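In the two complexes that follow, chain A is the common piece, with chain B as its partner first and chain C second.
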Partner chain A sequence: MTHTPWQQLLDSATAVPGVRGAVLVSVDDGLVIAESAMDHLATADVAALASAIVQRACRVSAAAGHRTPHSVRVSGEAGTLMAFAADGLLWLVAVADPSAELGRLRLLLGDLAASLRG
Partner chain B sequence: MRVLEPWLAAPLTGLLRESSARLALVMTASGQVIAQHGFTRSLDVMAVAALGAGIVATTAELARLVGSSTDFGAVVHHGDRQGIWLAPFDTPRGRWIGIVVFGRDSSVGLVRMFFDRFAAEVRDAAPSLTPPRELLAEGFERELDDSLRALFGEASR
Partner chain C sequence: MTLPAPSSSTPPRGHAFLELGERLRRRGQLDAAATVTAAGLVHYPDLAAAHDLLGRIRADQHDDVAATSAWNVALECDHGHVGARKGLAFLAFRIGDIAAAERHLESAVLAAPHDPEITSALDRVRGSIAASSTGPVLLDDPSGGIMVFDRDGMRLIGGVGPDASDAVADAVAAECAAVVREAARTTRLLHLGTWHQVIVEGPDARSALFPVSDDAALLLVRGATTPVGRVVAAGHRATATAREWLARMT
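Moving on to the complex of A and B:
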């Protein structure tokens, strides 16, 4: 898949009301592959921290004898971070405000991640 | 951790804690070691500092040759078990270089992020430059000994 379709997928996630940005992350090194975000969102930092969370979640699952998770969600007072496994070490990550439509975002990210795998 | 300048300890501790790095070295652009963490032999520190300063100088020249208006921001070597992050940064004391060695429990992204914060903290915390003292021959050996003791402890003697 070329960079342009990735950008279109990320743009569609960012179009959901309340979503501050969507980033395609290489979890292995915590770097941004593609991004669509508001200017003030530090996507490189999001990628680094999200990849650390995903890696730890995968280790916890493995230690508990479970399969590798296909999604990770972290919520706080200031918002929510959702990450979905895409293709190999690529994860689709979105950062949303507390007011965002999280149900819609979760369904959309799941579909987008599946299309990236395909 | 060993630091020549005490104010450097807090930023370096933060970098090591947050990035889960294994080894760290801070030095001047000419390779003079200012702080180190994780190295046990002075010979290793000197060799890493010299090689790191050489790499930064080489990549800066390479950037100039390919027409880049600025230096490359950082040099990263990423192996199977560990990676090396090597980057220059400007301080009130001149241009310094940081080397961070990290394992599988960290990542390039994490080290980049916390190294940028470390560099910003160093810029903010660095005391203003004092005029250089005249280096006297009789004081040189004592000052060198003090510096080595501060960096490596009594084991270096």
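Moving on to the complex of A and C:
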């Protein structure tokens, strides 16, 4: 997949009200592959932190005898980080405000991640 | 759902009245059983097992109010008393309060995650919810787990399911503590406020982590078909119970 369709996918995630940004991340090294974000969102930090927690969540699943998870969501009082497995080590990550419709965003990111696999 | 059996068949020394009272109850000599148990309680008023036995006797006598009272006292003596939780669940189920029955059994699972009687009772209670529902409801996986662990990844109580060993639960607790640390770091550095939940979805399970205190967190594990909202709701309820339990323990 070229960068342009990636960008379109990321832009469609960012178009959801309350989403501060969406980043395609390589969880192996925590680097940004593509991004669509508001200026104040530090996407490099998002990539690094999302990668760390995804890797930890994978270790929990392995310890429990479960297969690798396909999504991880971290919620705080002032926002949420959602990460969905896309293609191999690529994960689609979004950061949203508390006002965002998380149910809708969860479905959208799941669909976008699935399209990245295709 | 049936009236629960006593949690232990061998009372400690000095508590022989428990064995006698239970034997009389099983023979149907309920008045005599109540007299023996009440006499024992005079000497051991803080013995949760005695109040639990009295609860079972009163339930057999169809005196639900007295049974509820006895089991509530048992929980005051020992907040994690499994017999009392099962008894209260039985009474709630008998009067059709399925939600309360489920809540008591979930608390019992927290105290005794590997007790097959509790998990099968929970299964039956949830099965009755499905039977009474008008729509398609995907229920929790009765083989799911619930666990509380400290900031160092040491398991405090619970497990990750009846099929998982304590060693597996300990390993999961250790890894979960790392997830909690990462969640706290992530929300702090991205200005997302204090973390309040982590949800992990996979092909085999849906898991959720919740903070119980500054030093402890709770892990809830459910089947992959359990609706996410239900996982979160069950997690919030379990977290409230865990906070009470932790406050009594410390």
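The rule we apply is simple: the second predicted complex is superposed on the first by the 118 of 118 C-alpha atoms of A that agree within 3 Å, B and C clash if a C-alpha of one lies under 4 Å from a C-alpha of the other, contacts with A are read in each partner's own complex, and residues count from 1 in each chain.
Everything that follows uses one rule, which is that contacts are C-beta pairs under 8 Å (C-beta built on N, C-alpha and C of every residue); 3 or more make two chains touch, one makes a residue touch a chain.
These figures come from a predicted structure and were not determined experimentally.
Student: Looking at the superposed three-chain arrangement on chain A, would you call chain B and chain C a clash or a fit?
Tutor: Chain B/chain C on chain A - fit side by side.
Student: Tell me the angle subtended at the Cα centre of chain A by the Cα centres of chain B and chain C, rounded to the nearest 10 °.
Tutor: About 100 degrees, rounded to the nearest 10.
Student: Who does A:D45 touch here: chain B (first), chain C (second), both, or neither?
Tutor: In the superposition, A:D45 contacts both chain B and chain C.
Student: Mind working out whether A:S75 is in touch with chain B, chain C, both or neither, as first, second, both or neither?
Tutor: Touch status of A:S75: second partner only.
Student: In the three-chain superposition, say which chain, chain B or chain C, touches more residues of chain A.
Tutor: Between chain B and chain C, C touches the greater number of residues in chain A.
Student: When the two structures are overlaid on chain A, which partner does A:D29 contact: first (chain B), second (chain C), both, or neither?
Tutor: The answer is first: A:D29 touches chain B but not chain C.
Student: So after superposition, what is the minimum Cα distance from chain B to chain C, given in Å?
Tutor: Result, nearest C-alpha distance in the overlay: 9 Å.
Student: Give me the intersection of chain A's contacts with chain B and its contacts with chain C, in residue numbers.
Tutor: Touching chain B and chain C on chain A: residues 45, 49, 52.
Student: If we count contacts the way the header does, which residues on chain C are in touch with chain A in the complex?
Tutor: It is residues 160, 164, 168, 171-172, 174-176, 178-179, 182-183, 185-187, 189-205, 207, 221, 228 of chain C that touch chain A.
Student: For the complex, which residues does chain A have touching chain C?
Tutor: 42, 45-46, 49-50, 52-53, 56-57, 59-61, 63-81, 95, 106
Student: Where on chain A is chain B touching in the complex?
Tutor: Result: residues 28-31, 44-45, 47-49, 51-52, 55 of chain A touch chain B.
Student: Inside the complex, what are the residues of chain B that reach chain A?
Tutor: 78, 106-110, 112-113
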